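Can you read through this structure? Questions will come right after.
Chain IDs A, B, C and D follow the sequence of writing; residue 1 opens each chain.
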Amino acid sequence: MTKFHSKFETELQVRPDDIDMNQHVHNTRYLDYVLAARYDQMERCYKMPMEEFISLGYGWVVNIAHVEYKRPLGLGDKIIVRTWIEAVVKDGVHVRFEILKKDNNKLSCDGYVHYTMVSLKTGRAEGIPEWITAKYSV
Amino acid sequence: MTKFHSKFETELQVRPDDIDMNQHVHNTRYLDYVLAARYDQMERCYKMPMEEFISLGYGWVVNIAHVEYKRPLGLGDKIIVRTWIEAVVKDGVHVRFEILKKDNNKLSCDGYVHYTMVSLKTGRAEGIPEWITAKYSV
Amino acid sequence: MTKFHSKFETELQVRPDDIDMNQHVHNTRYLDYVLAARYDQMERCYKMPMEEFISLGYGWVVNIAHVEYKRPLGLGDKIIVRTWIEAVVKDGVHVRFEILKKDNNKLSCDGYVHYTMVSLKTGRAEGIPEWITAKYSV
Amino acid sequence: MTKFHSKFETELQVRPDDIDMNQHVHNTRYLDYVLAARYDQMERCYKMPMEEFISLGYGWVVNIAHVEYKRPLGLGDKIIVRTWIEAVVKDGVHVRFEILKKDNNKLSCDGYVHYTMVSLKTGRAEGIPEWITAKYSV
């Protein structure tokens, strides 16, 4: 397990279909923003896009998701999704995230997602090879 | 092409996450209700569930979707999704639908969806075998 | 704060649009099932539907959401969403949930959601009146 | 009714949660891309953002939606959503759209959406004032 991990940022924009009856972003869409940011950062920052995992027969499944909501986002808001790996464990990664409203840099929500790496064939957890851990240790 | 096709009905309920910022069901969710009704009716009414198509290497893709909105649905509404095959053509089916609000039987929207049957391997349109046309000719 | 709270159950069915690229229910939709169950149970079990809160000028916002995924749900699955109030606090409720696959009664995921009651006018947290706490103490 | 209307473009990116069990963008999400493009273009191109309509007591509802699918979009695709007003009628606008995959400029789908302008108070169709028609006649 490595000690320090870089924080990466992805900029996104709220879509009108993300808004729910309370006139704010629907509470589950924040996790979809995190997912979009991870896909972007896997490719752009870790240099290992999801497609590469898939071609190796690996997939990632969400094991635990935890969100603490601070300030709601609304129609048209531009956001920064910051994520970083807190720890790489035997068969997964602990990822922390913060979503900020871009125009005032205020925290909208934060939390964490534990992902497990699985074999696409068996659906079972797989030990993460050293070389992938190395890629994730930036 | 057969001339008469049965109309089948599936009962569903609006979910809170279907409601958008206008306090009504989001306009695209009506098409998701039609999809849910088709899956239910493929299994229950045509006796050929989606899983059977997949195991034969077939899939269905939407070619055209057309919806005319009459009366919005809201939180908690129970609905009837009525669909029927208007025509089975060489490589697809023309399906018509009506969505009604259950408690007053009033039309919420209607329209049609043209589906094409594809080979899951090639992604290309496939001629529909006689025996499937027969199943769809109830 | 009351000590014992009833567990209530709502039966739902996975919709085809809930399935994501991994052929299972998308991870955020489980929280939408919990939302749907709470709305159903507020009306049916606590005898105080969401509409009544709204007409009193109250709303509920999600403060924390936490989900632990055990077994994925798939196309066509029927599910049981069991929720119960763990605690009513000054301005909110701690709700725990379990989602079970109906045909084998196995746990698909569990977790909790902390809701805060807000004034719809100000958007700020409101103390929960005694009589609402009483309704929630079944 | 004016004769010529500009075509405007908005660039968007497919989000992972848009992908469905067929590994392509879910068929209803294309309409959500059109909605996002219209909101962007109302503000940026017509100089009258949705918020201004709302503050004047006006809203827009979808009356008819029609989509013809040509080539599916997939994970990570960048897209161009081109929309233009085909006609401004008494109480609504006919909008045509094309969605193109950015990297090859090929058409993914096209179609139209008929929107009706409503009073937010009554929910009924409203005649569109001359000055709004003028704004829409670029």
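One rule holds in what follows: a contact is a pair of C-beta atoms (placed from the backbone, for glycine too) under 8 Å apart; a residue touches a chain by one contact, two chains touch by 3 or more.
Since this is a predicted model, take the numbers as computed values, not measurements.
**Student:** Decide which interface, C-D or A-D, involves more C-beta pairs in contact, and give its chain pair.
**Tutor:** Taking the two pairs in turn, the one with more contacts turns out to be A-D.
**Student:** Most remote chain relative to subunit A, going by C-alpha centroids?
**Tutor:** Ranked by distance of C-alpha centres from subunit A, the top chain is B.
**Student:** Can you work out the whole-Å distance between the CA centroids of subunit A and subunit D?
**Tutor:** 29
**Student:** When the C-alpha atoms of subunit A and subunit C are each averaged to a single point, how far apart are the two points in Å?
**Tutor:** The answer is 24 Å.
**Student:** Distance from the CA centroid of subunit C to that of subunit D, rounded to the nearest Å?
**Tutor:** 34
**Student:** Spell out, as numbers or ranges, the residues of subunit B touching 2 or more other chains.
**Tutor:** 16-17, 28, 32, 75
**Student:** In the complex formed with subunit D, which residues of subunit C make contact?
**Tutor:** Where subunit C meets subunit D, its residues are 16-17, 19-21, 23, 26, 28, 75.
**Student:** Per the contact definition, I'd like the list of subunit A residues that touch subunit D in the complex.
**Tutor:** Touching subunit D from subunit A are residues 15-17, 32, 35-36, 39, 43, 49-51, 75-76.
**Student:** Can you list the residues on subunit C that touch subunit A in the complex?
**Tutor:** Listed in rising order, the residues are 22, 27-29, 31-32, 59, 61-69, 72.
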